[in-house]
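First chain written, first letter: the chains are A, B, C and D, and each begins at residue 1.
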Amino acid sequence: MSYNLLKGKRGVIFGALNEMSIAWKVAERAVEEGAVITLTNTPMAVRMGTINDLAEKLKTEVIPCDATSVEDLTTVFERSQELLGGKIDFVLHSIGMSPNVRKKRTYDDLDYDMLSKTLDISAVSFHKMIQCAKKLDAINEYGSIVALSYVASQRTFFGYNDMADAKSLLESIARSFGYIYGRERNVRINTVSQSPTQTTAGSGVKGMDHLMDFSDKMSPLGNANADECADYCITLFSDLTRKVTMQNLFHDGGFSSMGMSLRAMNQYSKGIEEFIDENGKIIYG
Amino acid sequence: MSYNLLKGKRGVIFGALNEMSIAWKVAERAVEEGAVITLTNTPMAVRMGTINDLAEKLKTEVIPCDATSVEDLTTVFERSQELLGGKIDFVLHSIGMSPNVRKKRTYDDLDYDMLSKTLDISAVSFHKMIQCAKKLDAINEYGSIVALSYVASQRTFFGYNDMADAKSLLESIARSFGYIYGRERNVRINTVSQSPTQTTAGSGVKGMDHLMDFSDKMSPLGNANADECADYCITLFSDLTRKVTMQNLFHDGGFSSMGMSLRAMNQYSKGIEEFIDENGKIIYG
Amino acid sequence: MSYNLLKGKRGVIFGALNEMSIAWKVAERAVEEGAVITLTNTPMAVRMGTINDLAEKLKTEVIPCDATSVEDLTTVFERSQELLGGKIDFVLHSIGMSPNVRKKRTYDDLDYDMLSKTLDISAVSFHKMIQCAKKLDAINEYGSIVALSYVASQRTFFGYNDMADAKSLLESIARSFGYIYGRERNVRINTVSQSPTQTTAGSGVKGMDHLMDFSDKMSPLGNANADECADYCITLFSDLTRKVTMQNLFHDGGFSSMGMSLRAMNQYSKGIEEFIDENGKIIYG
Amino acid sequence: MSYNLLKGKRGVIFGALNEMSIAWKVAERAVEEGAVITLTNTPMAVRMGTINDLAEKLKTEVIPCDATSVEDLTTVFERSQELLGGKIDFVLHSIGMSPNVRKKRTYDDLDYDMLSKTLDISAVSFHKMIQCAKKLDAINEYGSIVALSYVASQRTFFGYNDMADAKSLLESIARSFGYIYGRERNVRINTVSQSPTQTTAGSGVKGMDHLMDFSDKMSPLGNANADECADYCITLFSDLTRKVTMQNLFHDGGFSSMGMSLRAMNQYSKGIEEFIDENGKIIYG
């Protein structure tokens, strides 16, 4: 279903790997909604994933780019403007990686070169991307920039490790640059704090299944999936949200506002017995 | 411009008084986007305002209702379903009033009957509205309920008085009921924390002009107006935001994430001199 | 152990019922730290509990008071000043009760007279107490006022019901009045958001044991108990925290900043297996 | 005045430069309260400041240390334990520096090597310090670690630049490590978000005077000064706050909970006229 919400708009989507990626879904939905886009990911991701198939399907091009390289980012914005025929209206940053997590370094045994890489890849890349776009004056007035985050930026989840710190930094960059770019060009910058999502990135994390189950049972609407996240991003790229900026927006079925749900507590306490009254009726809150 | 975002949906809009009202704009935009709606306000507001003109323009009906009366609320949801031909998909709560503010009682000299009224009209009415709708099973699965709030719920603004407490209570009710209604019927409930807006309600407040100026200069995108708020509400009523619930969403040009902007500080410090370097260039952050 | 942190100070403690009460512990610790105090609770609580024993032990008096009555509150502050020989330096509000919870009304079937009572007893009483004290000029400059809250004010816990809304309102009142009283008399007002605590009030709640277990396993330092809460309140009454105001301070072993701990997840997932690596070593975050 | 709150405790204080430093005041107060401590700062700060005078006065030693060097940090904790005769009970991190601010690089023209230094010096140093202490098992059970932060971590202040992002990262590290160290050794980790303070570090910032004036007028209790901050830190190092962890604690006279005060608005609107009623009485909120 299409509403033509992004008709005539041009976008750049960072971070699609394969069809499980949120960035992949956003790219598809953006085109459905009338936008033209370019895709980008690291040369290695381009080889290992199937982003070229997506580019073909969406009749666009993949511009290889290491998002920690200002030079590569410059190329992305220059080439995107050429290809799409004008300034960019929206950008998605869906990039995150922690060498410490990959190498199973625990949080009290971090390697600091790796931490530096985690921060550079997962957060500072967002600043570089925006600074680069601004220097090139590549974003249209009233443009919209979105990065994907996770609630671990604000509350600690065991095992999320230094990615939590990277997400905090990412959300701070959205605020700091949101002020500057908003003031000068009415460009808005937000982060979307998404439910844990079954993607290639997510699927490697140990205990991820249990966490997703907990998150799902805690959330009154259940976990938000990648398709729903794409729908939400579309609203943030559209002209209907022009005054929303510097926000971290939870797209998580309500998880972030929950302390404990009945469903999660039932699983936790291994039995629903205590929550049934003398007549066998479930006692809701 | 219409995207047909609400095609086939039915809505109930509480709180339109005249064409300055946010609720008025939301009603207009909802119809533009393909919805059918009913309007409601207190009998007195119906007499004093021009809501009947809006009803005529939108080819609908005004159902008079004191939102603190469960009986009246029942009538609204019953009559709305009859008129619109089915269950309701979205509801807007734009209701707030403080007798203490009107009577110029300061916060350290509150009249407690009046405080009770402030809370009942401005916050408990939201609970009554939802409980009433739920008991009637008047809301469709995946429906969306929105109430308008203000940042004073979280930070103190002199003169906002007991309305700040009412807005805190309102936001809490959105969370508490968002859990229940989400869990059982996938209905989402959110509050929109809007910039100070030039409405009939707002225009009576002393010092309102200065506050709006401050708010505008603090916000990188400037204050959000009523039309923009209506646009934003449309996205929250649409199917593109189905997993957003229990949130207080700032629609405020960035105000809520600002500590101090250059523009506001220039006004505050009565001169831009100190923020110009030796070459006369403005020093931005 | 005493540090004489409250030497020469006068306090009023609302809400001690029996020796499980947090207010009871605060009263004891305050006297240990050199303060003189008065105690107060409702006439019914005075009869049902053992507060008179505490008064005897602390060589003070119980002043019966319905905290929703301005007249009774006036008596408390007048009598306390007489008894203690001067203006009051610190006040504890430890009062909360929901008729809806007692009568097992669920949140989507609230009785509105009962809701009104919940709000009046658990939150508006705090405003009345402060307004009354201020009108009597009963609080010394640099005095400190504390109310006890719970994280349910900000995140939804099933079963906590309309007490969540009351706690939101309570925290808002602390901010709103903290501004006024701070500005005029340097009196600070804060809320302490305490771990779930095994008190007479808490012990009636169904599923309370499981919630306390979850909370304990989520919190890196475990749940804070009533004695520890009393210690913390002492610091807030002391002269060492004179610039802390309008805050909601979590005293909860870290719960509020946790998303998921290993211990809680182990219980949730009914087994630690998946969090042990190939060598049987526990994998920490 | 001393309460002996830290009697028998051992502490390490990072970041005292001269007698304007908050760390200087904390060191003095800690000793007054019965603690023994060591001092540390970079070799350059040791030369440029007067920390040696403080060491002499407090009968202790300065251990030079670049807080970005794990080797130096190891030396600090080893030497401190030797000097003080046992494991450490409390640590203060008062370290922050942005080469981008010093070199007047604006936020949309950051040098990324400098950003890396800002993050490393102002935030990652906190992780290194804690990881190093934990590996050496240098902190006693129930120890307390505090870092100084600023509200710019959460809301944007023009001119604060990449220090805002560093403070966000710092606060996240406090949470992430607070979970690990709390779980394993009951060590608590918090950040204190302090009012803008007239220190050598602060005094170089352009427009700092105006910001301090705004902050002071916004805060009902006025800005908190360095002495008051030291008092507050003492409570956090004491045994009375053992269950407070993973928190960012505002010590700011109420600033963080204010949206707009009458005093600040009067300055902003250049005249109190509008806030006086017909009888010349000031109209408070």
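In this text, contacts are C-beta pairs under 8 Å (C-beta built on N, C-alpha and C of every residue); 3 or more make two chains touch, one makes a residue touch a chain.
What you are looking at is a predicted structure, and each value in this text was computed from that prediction instead of being measured.
The chains in contact with chain A as well as with chain C are B, D. In this assembly, B is the chain whose CA centroid lies farthest from the centroid of chain D.
Put simply, the C-alpha centre of chain B and that of chain D have 39 angstrom between them. Chain centres here are Cα means. That of chain C falls 28 Å from that of chain D. Centre-to-centre separation between chain A and chain D, using Cα means, comes to 32 Å. Each of the following residues of chain C touches two or more other chains: 106-108, 155-156, 158, 161, 175, 178-181, 246, 256-258, 261-262, 284-285. Taken together, the touching pairs cover every possible pairing of the chains.
Of all residues in chain D, those touching chain C in their complex are 3-5, 175, 178-183, 186, 188, 195, 219-222, 224, 228, 231-232, 234-235, 238-247, 249-254, 256-258, 261-263, 284-285. Looking at the complex, you find that chain B touches chain D at residues 104, 106-108, 151-152, 154-161, 206-207, 210-211, 213-214, 257-262, 264-265, 267-270, 274-275, 277, 283-285. Taken together, the chain D residues at the contact with chain A in this complex read 70, 106-110, 112, 115-116, 119-120, 124, 127-128, 130-131, 134-135, 153, 155-156, 158, 161-162, 164-165, 167-169, 171-173, 175-181, 246.
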